[in-house]
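Written below as structure tokens is the structure these notes are about.
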Amino acid sequence: MKAYRYRTRVTWVDTDAARVAHFSNYFRYFERAEQEFYNKLGVDPFGGGDDRNIWLPRVEANCRYLSPCKLNDMIEVELTASAIGAKSIKYEFGIRNLTTEKDAAKGYVVVVSASASEGHSIPLPEDFSSRLRKFFRV
Amino acid sequence: MKAYRYRTRVTWVDTDAARVAHFSNYFRYFERAEQEFYNKLGVDPFGGGDDRNIWLPRVEANCRYLSPCKLNDMIEVELTASAIGAKSIKYEFGIRNLTTEKDAAKGYVVVVSASASEGHSIPLPEDFSSRLRKFFRV
Amino acid sequence: MKAYRYRTRVTWVDTDAARVAHFSNYFRYFERAEQEFYNKLGVDPFGGGDDRNIWLPRVEANCRYLSPCKLNDMIEVELTASAIGAKSIKYEFGIRNLTTEKDAAKGYVVVVSASASEGHSIPLPEDFSSRLRKFFRV
Amino acid sequence: MKAYRYRTRVTWVDTDAARVAHFSNYFRYFERAEQEFYNKLGVDPFGGGDDRNIWLPRVEANCRYLSPCKLNDMIEVELTASAIGAKSIKYEFGIRNLTTEKDAAKGYVVVVSASASEGHSIPLPEDFSSRLRKFFRV
């Protein structure tokens, strides 16, 4: 499977008094990779004036922490999809610390497709699903 | 002038690698005090199904840092209003570190009243202004 | 098993453009409950000038999202421990939205005991473990 | 004066229920630009095993908000220094919203040079000051 990769740096506010990136921030790194992935793909699943009208709320998030990330470390988030369903997607994430050359974390996030205006789950837009499958070659 | 006081604690995620609360978080402490102040006052300036339809976007924020706050320090935010105008409010904030018994910060935030649906500035709702004046006795 | 309960409110900065609390913030609510639990217990596992010298880094974090939390909702975090090992603890969390009267999330966090100065894992201090067991009655 | 420019994107977690970037996050954008500026300059003012031993704690921070930034907007932070003193620096920041083509914010941050181990203020390291002056051509 092809992967999308996104690089960012550990900033001051990402760290805590233990002098490492706070564990909650890994989920934010995951999400930033997901956002840039959509930009890369040329899709705006969140609508932009057109007929799309969906949110992708998260129903589960998980992260296993493998080695710490410190201030100013450069990290790379690898994003793949292990399941693309009719109404949900399971994204898998890996974070590689390029500064320490160690795996920093592995995790996943399950998102569902929901009507932005009404809240209930709805099928993923077909063009969105097909672009995902095309990118990941699944 | 009467003041509103709100207490909270410095959490792990509030701190950074310098082992003190990150400077941006003082603005979040300010805002939490403002939110609880509105709850205390019994007003919901942000509407709740009724005819109120305002946001209070910030047009300026300032903070001077006087002494650091560390993990688990108990802090008290003191909120007063130095100006209540037709369309804006200037809130003054002081943060007292109750653990170190030192003043931690002084700051202010200027908010304007804006239509939530249309964005442009509108007069502060009269009942909101009058409750503010009554609380602060100005 | 006895549980520790901690209440807090969903603040502006906790929410995102979907007008609900951002999924990463649930982990921060978990951690705040854990911090106040230690304060309640009268232990400072992170040392405070004495001979304790530990961190409790997280090795895994998980959350399942059950219903959204909106601005100003009052939430209650329930904390229990499903495993207290020689060098690790598994905390279980539930978040109840007191405003909507719905379960908002369920999750867990696994922490290990590590030397703050040297980083490697070390046994949990005996007095800390025994206070945990006494509180949870396990 | 020459300026340093840093681009980033407004992420989900940066926004709040008003569907714009939260006012506290502008200070985080400022800081990220400052961090990348130091990387660009090839200085690590925070030490890295060598004889440098300083922090740059903030003594004042200010931001005026000019126009909102929304989810996925690309923004550019412009960093200049209006004062480089013996023990302090005043950085000026401007944020341009490249998506809306509007100025989003103007602000400043005053930092002092402090001993990381002992906390009191100390002179800025000479090589750091001279690189700053060289970059900004002041």
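A, B, C and D are the chain letters, set down in written order, and residue numbers restart from 1 in every chain.
In the analysis below, a contact is a pair of C-beta atoms (placed from the backbone, for glycine too) under 8 Å apart; a residue touches a chain by one contact, two chains touch by 3 or more.
Treat the numbers as computed from the prediction; the structure is a model and nothing was measured.
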Which listed pair, A-C, A-D or A-B, duplicates the contacts of B-D in over half of its pairs: A-C
Chain of greatest Cα-centre distance to chain A: B
Gap in Å, rounded to a whole number, between the CA centres of chain C and chain B: 27
Cα-centroid distance, chain C relative to chain D, in whole angstrom: 33
Chain C, residues touching no fewer than two other chains: 12-13, 18, 24, 28, 31, 71
Of chain D, residues touching chain B in the complex: 18, 20, 23-25, 27-28, 31, 55, 57-65, 68, 116
Contacting residues of chain B [partner chain C, same complex]: 9, 11-13, 28, 31-32, 35-36, 39, 44, 46, 71-72
Residue numbers on chain D that touch chain C, as the complex places them: 12-13, 15-19, 22, 24, 70-71
